[in-house]
Amino acid sequence: MYDVVTLGETMLRLAPPDFERLEQARTYNVTAGGSESSTAVGIARIGLKTAWVSKLPENPMGRFIANKVREHGVDTSHVVWMDGGRAGVYFLEFGSAPRASQVIYDRKGSAISTLTANEIDWKPIFQGTRLFHTSGITPALSKNCAEATAQAVSEARSAGCMVSFDMNYRTKLWSPENARACLSELLKQVNILITTRQDIARVFGLTGAPEEIAEKLKEMFNFDVVAVTLREPISVQTGKWTSMALADKVYRGKVYDLEIIDRVGSGDSFTAGFLYGYLTGGVEKGIAYGDAMAALKHTFPGDLTWVTPEEVRDQIEGQGARIKR
Amino acid sequence: MYDVVTLGETMLRLAPPDFERLEQARTYNVTAGGSESSTAVGIARIGLKTAWVSKLPENPMGRFIANKVREHGVDTSHVVWMDGGRAGVYFLEFGSAPRASQVIYDRKGSAISTLTANEIDWKPIFQGTRLFHTSGITPALSKNCAEATAQAVSEARSAGCMVSFDMNYRTKLWSPENARACLSELLKQVNILITTRQDIARVFGLTGAPEEIAEKLKEMFNFDVVAVTLREPISVQTGKWTSMALADKVYRGKVYDLEIIDRVGSGDSFTAGFLYGYLTGGVEKGIAYGDAMAALKHTFPGDLTWVTPEEVRDQIEGQGARIKR
Amino acid sequence: MYDVVTLGETMLRLAPPDFERLEQARTYNVTAGGSESSTAVGIARIGLKTAWVSKLPENPMGRFIANKVREHGVDTSHVVWMDGGRAGVYFLEFGSAPRASQVIYDRKGSAISTLTANEIDWKPIFQGTRLFHTSGITPALSKNCAEATAQAVSEARSAGCMVSFDMNYRTKLWSPENARACLSELLKQVNILITTRQDIARVFGLTGAPEEIAEKLKEMFNFDVVAVTLREPISVQTGKWTSMALADKVYRGKVYDLEIIDRVGSGDSFTAGFLYGYLTGGVEKGIAYGDAMAALKHTFPGDLTWVTPEEVRDQIEGQGARIKR
Amino acid sequence: MYDVVTLGETMLRLAPPDFERLEQARTYNVTAGGSESSTAVGIARIGLKTAWVSKLPENPMGRFIANKVREHGVDTSHVVWMDGGRAGVYFLEFGSAPRASQVIYDRKGSAISTLTANEIDWKPIFQGTRLFHTSGITPALSKNCAEATAQAVSEARSAGCMVSFDMNYRTKLWSPENARACLSELLKQVNILITTRQDIARVFGLTGAPEEIAEKLKEMFNFDVVAVTLREPISVQTGKWTSMALADKVYRGKVYDLEIIDRVGSGDSFTAGFLYGYLTGGVEKGIAYGDAMAALKHTFPGDLTWVTPEEVRDQIEGQGARIKR
Amino acid sequence: MYDVVTLGETMLRLAPPDFERLEQARTYNVTAGGSESSTAVGIARIGLKTAWVSKLPENPMGRFIANKVREHGVDTSHVVWMDGGRAGVYFLEFGSAPRASQVIYDRKGSAISTLTANEIDWKPIFQGTRLFHTSGITPALSKNCAEATAQAVSEARSAGCMVSFDMNYRTKLWSPENARACLSELLKQVNILITTRQDIARVFGLTGAPEEIAEKLKEMFNFDVVAVTLREPISVQTGKWTSMALADKVYRGKVYDLEIIDRVGSGDSFTAGFLYGYLTGGVEKGIAYGDAMAALKHTFPGDLTWVTPEEVRDQIEGQGARIKR
Amino acid sequence: MYDVVTLGETMLRLAPPDFERLEQARTYNVTAGGSESSTAVGIARIGLKTAWVSKLPENPMGRFIANKVREHGVDTSHVVWMDGGRAGVYFLEFGSAPRASQVIYDRKGSAISTLTANEIDWKPIFQGTRLFHTSGITPALSKNCAEATAQAVSEARSAGCMVSFDMNYRTKLWSPENARACLSELLKQVNILITTRQDIARVFGLTGAPEEIAEKLKEMFNFDVVAVTLREPISVQTGKWTSMALADKVYRGKVYDLEIIDRVGSGDSFTAGFLYGYLTGGVEKGIAYGDAMAALKHTFPGDLTWVTPEEVRDQIEGQGARIKR
C-alpha cells in the first residue's frame, strides 16, 4: 500500500536561536526530529507514498510530533498512542569554529521505548508495500524495542518488502559490543545498508577506503547495496558532501560545497533520496538523488527537509547559486 | 549563616508565547521554576540572606537552573551536581477564558528524584540559620526524596532552625492517602504551615471557613502559625488575591485586584513575603508582605519574582496604578 | 468515504504581532485561513474523517496552505494544483477598544477564483460521504466559482450526501442583490443552514428575533435545520457567545464568557462542532459542541482550531478556569 | 509655511516586550518618543502640514529619531545636528494591576539640552505658519533650553503665529517652584493651554472641578482656550478618557472606554486632535478630534500615533467594535 | 527642484528570517522594496535631493511603502494614491550553498500597473530637476505603464533633465522580444545606461567582454555613459563586486570582497552611488561611489540602503574591517 | 578570600539582531558588558573564586548588570550602589565585509565615573586574595576614577596581591598623552601586563615584532609577564587568533581558526584564561588557556563567556568540529 514504511522514534527538538548556548538561551525553537520520520518525509516530498510508524504520548508534544510529520504528507495513522507517557526530547546547540555543535538527548523512558514486539499489527501495513526502513537507533532504545524491530524486519521480509537499514550508531544508547551483537542478527535480513565510515569502524571495527569497507560488509551480510555517506567538514559552518555505493559495481556521487545552516537530518535526507532513486531507477539514480537531497538539507533549519522534486533535479543537473527571479 | 534555607526541585519551564498552545507553538520561552527556589528568590530580593539546596544534572540545563536562581542573589553553592542525570521539565500553556491555563510535567527521573537522605551535609548549612523551608512537592518526588526531606527537617530542628512548610499537594505525584501518611509525620516538626483550602481538603479532608480549617490544623500539629492563601479567579486573566493567618489570633490580609500576566509562583511569593515579614516583624507584617508579594508576582512573566523592597512597601501602603514618571 | 467534505478558499493570513498596526509592523505572523478548511480541521480534530477540496498555486505559499490543513489530519489529496497562480492573501490587524480589528483582503485572481464547474471529479469524493459543506464565500469568488459550487452541491445531493451551508456574506465580494440571486438557487438544495442575524438581514432583509428569522428561512428553503450564532461583543477583547437552532423545535446553547485572543474562525468552529454533534447525536448535541468549539476558538491564535475532544467535553460539562496541574 | 510647528526633545524609547520587567528583559523594543514630535505626527497624519524642530546627535540614534518622525510626513529639515552628542533615552516598563507602568529617564546631557537661544533661525520657519506648539518639558531641560523656548515663543508671536502649550510637568526635571517661576512668564504669550488637573495642582496649586480650574487659569494668563484632559484609570490595562475645554463657554467631550495597549503619547494625540480641530473648525471640533485621537492612541504600541483621518471620523461618529471585513 | 527624480513600483517584501523556507516560515519580515525607490533612497542618504514617483493603494500596505521611502528623506508627495487597489508583493527566501536565494513575485494588478500616461503631471516635478531615472521594470508592468514611462522620459528630456535607465530585465514580466521592442525606442532618449552582462545578453543578444558590449550599446543608442556592474558569486553567502563604465574612456572600479547578508538592492545602490558621483564629479567618481554603495548594500538587511556619506568615503579610501570603537 | 578580584565599569549593551544597523533596528538585544567583569566571569566559569567590584545605579539597569555577572557565580557583594545615577550604555552593530562592526559608547556620567579613591574599603576584599586585575579603561573614565584605580592597585600590592593589567586603550576616553602619563605611574606596580600591538603603539609608540615590544615593556616597567594577544582578521566574520607571552622566555600559543559570532570580550576571555592558567600552572598553561578561552568566546553571543572547563580542555587538546552526540 505504501512505497516506503519507516519505524523509529521522533523527538521534540529544542534549539536556541542565533548561536546562543543552551545554558544561555531564553527561547528555544521547537521542531520535531528523528531519523526515520525524516527519511519518510524526504521520500514523500519528492513523490512516493510513505508511512511512518512509531509510538507517541497522547499529549500536546506527542501530537506536535505527529502533526509535523503528516504536514509533509506522510501517513501517521499507524502511530500507537500512549496515555501518560512522555515524548523524547533532544537539545541542540549550534556551534561555530572552533566550537562544535552539540546534542543532548533526554529520551529515556520515552513512549516508543515501551514499544513491544506485538504492539503493532504489521500485516495490513506491509501489504503491498515495497520497502521497509529503520535504523540502528530503534533497536538501541530498549530491549523490547530491539525485539519489536526484529519482528518488524521479519514481517517485512515475509510480506515481500525489501528492507533498508541505516546503521546510525549512537554511543549514548548502547556500547559497540551490544550494537554489534544485536545488529549482526538484524542485518542478515537487510537488503540495503546505509552507513558512514565512523559507524562501521565503531561497531564492526572495519577501517579503510569506503570501497573496501563496503565490500567487506556486503560479503558479511549479503547486502544488495551498501551506501556510504562521505561528509568532509571544513569548519563548523562549511563543508563538503558526497557518497559512494557498492552494488554490482562502485558508484560515486557528485561533491557538493556546503554553507551549513543545519546539518541535522542530512544523512536521513541522503537515505530518502537514495531510496527514492533506487526504487524509481536504481543505484546510480539513488546516489544522485541521495547526494542532492543531503546537500540541500544542510540549508534548511530543522531536522526535516523542505525540498521540492524540481529543486532536487536542478541540483543534479547543476544549477548555479544566482538568485532566482 | 542564612536567614532562610530552602530545599526542592527546580525545573526547566517551557512555555509558548502569546497564548499559543503547546501543540501549536514553534518557540518556547525558557525559564526556571520550582516552588522552593521561587521562595528563596523572593526572600533574597527583599533583603534577607537565603540559600537554595537541590540536586541538578551537570549539563547546560542544570547550570541554567542554578544560574537563574543565583542571578537573584540566592546562594546555590550547596546544590549537588549529578553526572548524566536530567533536569525536570514542565510545559506551561497560558489560557484565556474559557480555556484554562495548563501545566504538563515531565519530571520523572530528574536528578533530584535520586536524592538520598545522606547526600547533603546539612550541619554546616543550618549552622546559624534561622529558618528552613520546603514544600509537599519534595517528599512526593520519590521514596528516597521523602526520606531526605524528613532528614532535612529533623536536622533543621536539631540545629535550632524554625521549619516552615507549604503543603503544595500535586495530584500527579502521589495520592491523597500517600500524601497524608507522609505529611502527618513531617508536619509534627513544622512551625509554620502555608497552604490553600483546596490542598487541605484533598489531603486532610477538612473543609469549611479558612479560620476553622486553620484552627483544626493548628491543633492537629501544634503549629505556631497557619497561613491560608485565598485566590478568587474572576476569569483566566483577572482575579483577586488575599490571605489569612492564624497564630495567637486571626490575621486578615488586604484584597488585591489582579490583571494576571503569569500566576505561576504567586503562592511561593506569598510564602517569601510571609517569611520575610514574620522573621522581621511578626505575623501581621508577614501577611502584609505575603499578599503584596503574591499580588505583584501575578504581573511578572516567569516563575520567579522581580520585586524590589520599595515596590512591596508601595503596595502595602496603597500606591495607585498611574504610570510613574 | 469521508464524514464531511468541504470546498472553499484558504488564504495566506498575515497579521502583525502585539496589537501593532499593519502600517506599523515589521513582522507578520503567517498562518493559513479560510472558512471551509477551518471547518474541516475542527471536525477532524474531534474525531471524524474529513477532506478539504480547493485549488491552490503550485508554489511555496500554496503548499504552506495545504500543509497547515493536513497537519491536522484533514485529507488534502483532492486539492487542484495550478501552475503560475497566486494564493489569496488576507491581512489582519488586531484591535483593542475603541479600535476594532480590521481585515484587508487581497484575494482577487487567486487560484481558486479560476475554478470551473468541471475541474473537480466529485464522484469518487462523494462516494460514501455523509455531508458536504461550503459557504457563501465560495460562489462569491467568481462567476465560474458560483457554477462550480452549484455543481458540487448538485453532485453531493445526487450522491446522497447531506449539504450544509454557512451564509458567510462578504460585502467586499458581492452586493446583497447578487448574493440573494445566487444563494436563492443554491439554498434549495441545502439541508442545514448556519448563519448570523447580520448576514440574514443583509442578504434577505429579514430582521427580528433569531427564532423568527430561523422560522422564516426554514419555510423559504425547506431546511432541516437552521442554526444562528449569537455573538455579543462587550469590548474588542471581551464578549459573549451562544447560539440557537431551529429544527423540530428551538434549541438554545449555553452562554460563554470570552477573553478573546483571536476571534477569526470562531464561526467555522461552531459549524465544525455543530456538524460533528449533529452527525453523531442530533441538533441538541450539535448546539452544545458548536458553542463549546466556538468559545474555545476565541482563545487560539490563528484561524484554525487546536481543540482536543476532551477539552470540548470539559467545556460542555462546565469545567472551571483554574490552572490544570 | 506650516500649519503647525513644534519644538521639543524626542528620545530613544526602550521598552521590554510582553510585560517583562526592565531588570528581566533580554530584548527591548526600540521606538522614538517625545511629546512635541508626537503632536506634530498626529496633526500630520490627519491632514495638516507640520514641522518638528529639535536638536539631535549626528549618530545612528539621532538619525533613527528623525527618521521615525519624518516617516509620518513631518518636516524635520530644521532639526539641528550635533557632533559628538547623545540622544536622550527613556526606559518604559509596561505594568498590569496592581503593578503600575514605569518610566525611567536617562536624558541628562542630551543634544537638545545644549540648545541655546540663538541656535535656531526661527524667522523662515515661522513665516506663514499658523501655530507654534511646545510643552513644559522643553524649558525644563536646561537653563539655556528655557531661554531658547522663550525666544521661540516670542518670535512665534512676533511672526503672527498662535502659540499653544502643554503644561507637561515632569517632577524629575524641575521643582514646582522652578516650573511656576518659568512658566508664569512663558504662559503670558500663550493662546491655548492644554493640561491636566494633576499638573495644575502641582505647578499652580489650583484644585477643584476642571471648569473652575480652567476659569482661574484663563483669567490668570488671558488664554483664548484652556483644555483639560480627563483620564480615569480603572485598572492598569483599562480606563476611560474624556476632556473639557473652556473658551467662550465650556465644551465637554465624549467618554471613551479603553483597552489600553500603550498609553504613552495619548495626551499628545489629544493635543494633535485638538489643534487640528481648532484650526479647521473651532473648540468644539477640537475637543471631538482630541478625544478620538487620544482614545485611539491607547491602542497603538509606541509613542507615535498611526491613525488615519477616516478612523478618527469613525470614532467621532460612534462606530462599533466589530471586526471590519 | 530635485537633483534626481525616479519612477517605479515598490512592493511589500515578505521574507522569512533565519534562512527558513517560504513554505516553512511562520513569520515574515516586512520591508518595502523596488528598484527605483531604492535608488532614490541611496542618493538621498548621501546628500542629494530626490523624489520618488509611483502609484500606491490607499491602504496600510500602500502607506507602509511610502513611509519607508520618506523615512530616508525622499520626497513622496507626488505619489498617486488609488482607492481600492493593491500593493504588489514579493516573497524572498534566503539561500545558502547549494541552495540559491529565491524570489516569487505577486505583483499582478498592483496599483502602479494601472498607471496611465496622463495621470502624473510631470511639469512641476521636472522643473529645475537635473536627472530622471527609471528602469526596465516600469514599462514591463503593463501596456499603459510602458506608455506612462515613455511619456515621463519624453517630458524629462523636454524639461532639460538628463535621463538614466537601468535595464533590469525581468523574465517573469515580459519576453526578450517584447523588452527589446519597447526598450529600443525608450533608450534613444536615455543618457546613462546601467546594466549587467546577463541583461544585455538576454535582451539584445550581445555577449563578450564588458568593454565590448558597452561599446556596442553606446553606439546603438548614443549614450553618454554605459555602466556595467560585475558581480562574481563565490557561494551564496560570499562573492565579489566591481563595475566598469564606458564614457570618453573605460573606467574600472575597485573589487570588493563580500560577506553577503542581503544582496537585493545592491544594483540599485550602485546606480545611486553612480548617479551621485556622476552628478557631483563625473564618471570616475560615479564608479567609485557606485561600487562602494553596492558593496555596502550587501551587508544591510532589506532592499533599502542605510549608508552614511562618511561610510561610503571610508570604503573608497579603503578602511579595514576592524571593529570601530 | 578570592583568587581574583577585578575592578571596572560594566555597561548595558544594546545590539540589533541579524546584522541590522542601529539606525534601522526596531529591537535591541540587551546584555551586560565590560572588560573587567568579563574577565571575572571567565575565571569563575573555569573554577576559581572571583569578585567584581564596581559602582552601579540603584535602578533596573544597574541591577540587571550585577545580576548578569553574579549569574555566573562571581561575587558582586562589594559593588557600590548609587541613588539617582545612570548605567553606562554601549551600542553595538554587527558588520559583515566590507562593513566593519561598530561600537558607540554612551557612558559619560555613568555611576562608576563618580567613584572616588576612598569609596571602596579594599582591605577586607584583598585579605587572602591572590590577584587584582583591572584595565586601562577604569582610570580613563574620570580623574577621580584614575585616583581610585591607583589606590586600589596600591592597596592590592600592600595586601600582597599580584596585580595584572590589560592596557585596553580607548581613543574616545582619553588621548595617548594622557593615557601614557597616567599609566606610566600605574604600571610600575603591575606584575602582569596583557595588551595588543595596537595599544602599545598608540600609547607608548612602540612598534615591531611582539617579542621585541614585550621585551621593551618588560624592561621599562619590570613586569613579571607581558602577554600580547595576536588577532588576525580575514574578513569581518572570519579570522585567526593566537598570542605570545614573555616571562623567563618567550611562549607562543596555538593558532585558532575562527567563525566569528561575537568577538567582543574575546580579549577579556584571553585574560581570564591566562590568569587562570598562570595561577594554577604558570605562563605556558596561561597561554594555552588564554587562547582557548579567547577562541571560544568568538562563538558566544554577548560580551560574557559561557565556557565550561571541559570545553576549554577539549580545545587545548585539539577536539574537532564534528557535532557531538
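Here are some notes:
Order of writing sets the chain letters: A, B, C, D, E and F. Residues in each chain are counted from 1.
Operating definition for what follows: a contact is a pair of C-beta atoms (placed from the backbone, for glycine too) under 8 Å apart; a residue touches a chain by one contact, two chains touch by 3 or more.
Given the structure is predicted, the values throughout are model-derived calculations rather than measurements.
In summary, the chains found to touch both chain C and chain D are B, E. Contact with both chain B and chain F is made by A, D. For the pair chain B and chain D, the fraction of shared interface numbers is less than half, so the two copies use mostly different residues to meet.
Placing every chain at the mean of its C-alpha atoms, the farthest one from chain E is found to be B.
Taking the options B-F, D-E or B-D in turn, the interface that duplicates C-D in more than half of its contact pairs by residue number is B-D. One inter-chain figure worth recording: chain B and chain C are separated by 45 Å, centre to centre, where each centre is the mean of the chain's CA atoms. Chain A and chain D have CA centres that are 61 Å apart. Along chain C, residues 18, 21, 23-24, 26, 67 each make contact with two or more other chains. All chain pairs that count as touching, in label order, are A-B, A-C, A-E, A-F, B-C, B-D, B-F, C-D, C-E, D-E, D-F, E-F.
The residues of chain D lying in touch with chain E in their complex are 67-68, 70-73. Against chain A, the residues of chain E that register as touching in their complex are 18-21, 23-24, 95-103, 105, 170-172, 233, 235-237, 263-264. Residues 17-18, 256-261, 295-296, 298-302, 306, 311, 315, 319-325 of chain E are the ones touching chain F in the complex.
Across the complex, chain D meets chain F through its residues 14, 21-31, 59-61, 63-64, 67, 86, 89, 91, 93, 104, 106, 108-109.
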